[in-house]
Every structure is written in C-alpha cells, then in structure tokens.
Amino acid sequence: MDLTLILFIILAVTAIATALGLLISRNAVYAALFLVMNFACVAIFYLLLGAPFIAMAQVTVYAGAIMVLFLFVIMLLGAEKLPKGDVLPVQRPLAIGAAVILLAEAVILLVQRFQSTAMLQAPGTVENSMDSLREMSGLLFTEYLLPFEVTSILLLVAMVGAIVLTKQEKGTRG
Amino acid sequence: MLLEYAAIAAFIFVTILVGFIAIILGMLFGPKKSTDVKAMPYESGMNPIGPGTRRMPVRFYLIAVLFILFDIETVFLLPWAIVFRKLGVFGLVEMAVFIAILLVGYIYAWKKGALEWD
Amino acid sequence: MTFASILEWLIKGFVWVMILLGGFAYLTYYERRALARIQVRIGPNRAGPLGLLQPIADAIKLIFKEELMPARADKLLFFLAPIITLTPALVITAVVPFGPEGLNFPLFGRVITWQIADINVGILYIMSIASIAVYGIVLAGWSSNNKYAMLGGLRSTAQMISYELALGLSFVSVIVLADSTRMIDIVEAQKSMWFMVLQPVGMVIFLIATLAEVNRSPFDMPEAEQELAAGYHSEYGGMKFALLFMAEYDKMIAICIIAATIFFGGYREFWFLQNTWFSVDQTPILGPVYVFIKVFILLFGMIWVRATLPRIRYDRLMAFGWKILLPLSLALVFLTATGILLAQEVNPLFMWGIPVVSLAAGFIAILGMYQTLRRKEHARA
C-alpha cells in the first residue's frame, strides 16, 4: 500500500477522534485542546496535498491565534465545567437530523466520485522550492486580488465589532 | 517534499519523548509524602480563599481579537514579500490599500482606548 | 523513505535535543557567572573547577525533589503542560541551517545535512511554532488551580501574542530584503552584507520583541516575584519545574540562533574575514562555529539587559507593544519594500535609503514613545 495512503488513514482517524473528543468532553478547556489537535491534523492534510504555505498559515492563524481567543473566552467566563443536560429541548433531535443529512451528503459525493474514477489527487507535482511558493503568491495578488482586498474589510468589521462590544464608555466602569 | 516534514515530525517525537523521560525520572526518584498542607495552593503563606480559577477581565479577549486580525495581516504580508519585486508599484499599492483599511480599525481602536491597559 | 532514513532523523533529532539540553544547562551557569560579575560577586565556583559542574549538581538535585500536586489541580494538564511548553521551544530551531550546503558530510552512505529540515516556508514555520508556544504557559497557569499561576499565565499569553505581531512583521522586513522564505537563501543573501546593516531598526524590534516573547527581563512581569510569586510555574517543582525552566532557557537559545541567522549572517563569516582562509566558502566547517560565536554574544546581550534594566510596568509594556512597535514595524516593511523597488527601477544606491529612512522612523518612534507613555501619567494625576 502507498505510504501516503497509510498516513492519510491514520490522520483521518485521529482527526475524527479529536473532533468527537471535542463534542463529548464536558470540560471546555479540554474541548478547546481537542480542537487544536484537530487543526493540527488538518494542517498535516494540507502538507500531504503539497500546500505547505496553507498548512503553516493554518497552524499560525487557527491553532495559534483563534484558539488562544477561545481559551481566553472560556477563562473569561469561568465556564470550564459545562452543565449537564441540554439547554434547549429541541437541540438534540435537530443535531441528529443535521448530522444525518451531512452524512448522507458525504456518502453520495463519495459514491459519485468513485464511479467517475476521478480520485482526489494533489494538483500536479509540488516540489519544495521557492518557485512553487512564488507562483502561489503571484496568483493571490493578481488573479485573486479582489477577495484579498475584501478580506481586509472583513477584518475591519471584526475589529470594530469587538471594540464596540467590549469597551465601556469612559466613566461607566464597573 | 514530505520527507523534510517527516524529519520535523521525528524531531517533535524525540522532544516529546525526552520530556516524558525527564518527568518520569523525577517521579521515580522523588519522595512522595503529600499532606493537605503541602497540597494547598501557594499564596505566599496565606490560606487561599475561593477557587483558583475565576473570571478574567474582558481586556484579554480584546487583545486576542486584535491579535488575530493583525496576525492574518502578517500571514498575507509574507507571500507578498516574495513577489512584490515582480509586481512592482502595483503590488505596493494593493498592499497599501489592504493595510490602510486595517489601519482605520487600528486608529479606531486607539481612539476608543482599546489599546490602553488599566 | 526507508528505515535507515527514519533512523537518521531520530538520531539527528536526538543529538540536537541533547545539544540544546547541554546548552540550557551551561546557559544557566553562564548567566549566573555573568550576572555575578556585573554585580561584583563571584557566582557559583564550588562544584568542580570554576564551578563548571554546578548545572549537573542542580539537575541531580531537581531529580530527587518531591513533586507536589496542588489540591484540585487538573492532573492531566498539570502533567502535560511542561512537555507542551518544552516541545515548541526545541522544535522551533528545526529549520535553521548551521552550515552551508557544501558542508554536508557523507556517513554510512547517507548525506547528512547541517539542518533538520530544509523547507521553503522556513520563516512561516518559525512563526507558526512561536504561536503554538503560548499554550504550554497558559495551561500550566490554568491547571495549577492557583490565582497567581493563573494570572501569570494569562499575562504571559497576552504579552506574547502582543509582541508576536512586531516579531512577525520584522520577519517580513527580512523576507522583503532576502526575497525568500527559505532559511539558507536568507543566510546566503547576507553574503556581502549582514541584514543588521540594512535593517538596523528591524533588528532592534526583533530583539525587543523576542525578549518579551520569552518573558525575559525587562518584560518578565508574568513571573514577577514581588506580585505573582513565580507566575505560571508557582506550583511546579522537581523535574516538571526543570522542564519549564529548560523551555525558557532553550527559547532564549533558539531566538538567539534565529536572530543570528536572519540578522547577523547565520553561518557566514564575520565581514572582516571575507575572502580569507576563515571564510565559509573556503573552510565550510567554520559555519557552525560562527553560529556558536554569534549566539554566545547575543546571549550575553540578553544577560546584560537583565542585569541593567528594571521591570516595565504591565500597562506600559502592552502600550509599547501595540502603540509603538506595531506601527513602527509595519512602516518598516513598507519603507524597505519602497527602497528595494526604487533600487531596482531607478538607482541601486537607493538601497542605502533603507537604513537611513528606517533610522529616522525609529527616532520618530522614540519621540512618540515619550509622548504616548508620558502623557497618560499626567492625565492620571
């Protein structure tokens, strides 16, 4: 069997296991750590696909920045221990329904892919060189320029939102 | 290409192993005579009151949000830094627009006092 | 990929970890001796000749210490946090080259390189590992179930992420100069001139930001003895404490290695040795020696700073990171990029505009520091 395939299967199992751990864990800090591990697995998937830049960006931004925010929020609320039982009575059946739909979708896609014999492949041969990195960056800043610029507006909105929500007006501290 | 990353993975494995061995050594050789007083959280001699973990100021959250935004900006600057020679003035301008939009938020944060820590 | 190559990686990783371990042990000795000299003391001189066995004595003592588990601590994370802290501190050096590509030596029919991994996203790798490094500390603080530890861990995390921005941007200003994110390319780009000369302000920002990143004095508020006992490692003792301590000192070594690589020419020779027998081109084996000398000098700088400067108040520390370093490093990236474009399109002499203009920007930042950090003092009174 192909070595990459073995690696993929191990990683896939780990990714699913950590995702389940995130869902099952009743301690919010553990759940957040499971999510970090899940992000790490996803980063290695990117490496397997020959996309080191995205892999490193995934670790830097998601595992390194966004999860730190999550941990801060958990500690901010003092919400490490989650209460037992559901908050909304309908949430359990709703979640199961959504999960079934998602699973069905995945199965249908997988079967279709198998029939068309077009297996997922890494796009071309990607080598560990500056040229491939340059090519990707060149595309980002020419062909995908508009999405890139729009990202900055998204970030701006996020920043303003966070400040408005957290900053009290002067003189109303308490 | 993956081989280089496999080398890093092996290195990570070795460092984790060394960490475990060090801790286990300490557990093997150290005395284990814990008492209630020894297990008390250390607060410079006072008896601790209340739980050790409690709610934290919202300021940490704000810092983390601002960090995410500028971190993403840095991640975008990295690929830009290796192609801007080819893109020329156009590249400089497009990055300047990107940064300028973020700077609006930065100035807003400054004016609103989100960067103050008191 | 064969069994032999896996064995090669494991052995190489093990050897490097052992070197870093020894480096940590003797860095503590180096620091204690240097600090003692600065304070007109003698420092450790009893264990072995010149006290050289002191680190080993310390290690043996720590192994035989009792380890305490605070009541209601999170046992699993309390155990894992030192390892989570240590791993990034060691792993971050994996992409740094210690010798030129010509130095690779054959061993048992394999070619051994002077680098753990030569990847094209080297700088990004360093950034991602640096951003992972916050977990160990915040978890150590949280799992201890101690108010001091918790506060220390949170403070440390907030400080690290704040200065990580300036750190990342000073990396960008180096990449702009080197036109590559691969570490060997960055070193080779400094063949004729170190980036320290072209990017003096970037270098200063990098050194300040890394001091904050590893919680070194004068940015050691998270571990301030006077107010937080010992911060996030208040509850740790024995080997677990040793690991946290080791992570801290190995981070120092790691950032000095990285600083030497991106600003001080890495394994390249000193400028006055160019074209002599001592240059790396002629005698490649001197490469690792040069890295060692540079790291040794940079580490002395960090110790000197610790001996000289008092701690900075936490609000000023954060304000300095966000209001001075962040805009300055961002401006620096643009200044550098503009300078390079001008040099490329108009006249190569514009290259020299980069250090001149960036020094001017740095001067303005110092004035701004005076303004932003002082005015608040008056407003409050």
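Per-chain residue numbering starts at 1, and chain names A, B and C are given in the order in which the chains are listed.
Going forward, a contact is a pair of C-beta atoms (placed from the backbone, for glycine too) under 8 Å apart; a residue touches a chain by one contact, two chains touch by 3 or more.
Predicted model only: the values in this text are computed from it and were never measured.
Mind naming the chain pair that shares the most C-beta pairs in contact?
B-C
Central chain, going by Cα centroids?
Looking at where each chain's C-alpha mean falls, the closest to the middle is B.
Quick one: subunit A and subunit C, Cα centre-to-centre, how many Å?
Computed value for the inter-centroid distance: 29 Å.
Go ahead and note the Å separation of the Cα centroids belonging to subunit B and subunit C.
14
Tell me, which residues of subunit B touch at least two other chains?
Touching at least two other chains: 4-5, 53-54, 56, 60, 64, 66-67, 71, 75, 82, 99, 106.
Multi-chain contacts only, two chains or more: what residues does subunit A have there?
Within subunit A, residues 52-53, 57, 60, 64-65, 68, 72, 75, 128, 130, 133 contact more than one other chain.
When you check subunit C against every other chain, which residues touch at least two of them?
Answer for subunit C, listing residues that touch two or more other chains: 1, 118-119, 124-125, 127, 131, 142, 150, 154, 157, 161, 180-181.
If you look only at subunit A, which of its residues touch subunit C in the complex?
So the residues of subunit A in touch with subunit C come to 3, 29, 33, 36, 52-53, 56-57, 59-60, 63-65, 68, 71-72, 75, 128-130, 132-133.
Which subunit C residues qualify as touching subunit B in the complex?
It comes out as residues 1, 5-6, 9-10, 12-14, 16-17, 21, 62-72, 79, 82-83, 86-87, 90-91, 94, 116-119, 123-125, 127, 131, 142, 144-150, 154, 157-158, 161-162, 164-165, 168-169, 171-172, 175-176, 179-181, 229, 234-235, 238-240, 242-243, 314-315, 318-319, 322-323, 326-327, 330, 333-334, 337-338, 340-341, 344-345, 376.
Note which residues of subunit B are touching subunit A in the complex, please.
Residues 1-2, 4-5, 53-62, 64-69, 71-73, 75-76, 79-80, 82-83, 86-87, 91, 94, 97-99, 101-102, 104-106, 108-109, 112-114.
Which part of subunit B faces subunit C closely enough to touch in the complex?
3-8, 10-16, 18-20, 22-23, 25-27, 29-34, 36, 38-44, 48, 51-54, 56, 60, 63-64, 66-67, 70-71, 74-75, 77-78, 81-82, 84-85, 88-89, 92, 95-96, 99, 106, 110, 115-118
Flag every residue of subunit A that touches subunit B in the complex, lowest number first.
Interface residues on the subunit A side: 4, 47-48, 50, 52-53, 57, 60-61, 64-66, 68-69, 72-73, 75-78, 80, 126-128, 130, 133-134, 136-138, 140-142, 145, 148-149, 151-153, 155-156, 158-160, 162-163, 166-167, 170.
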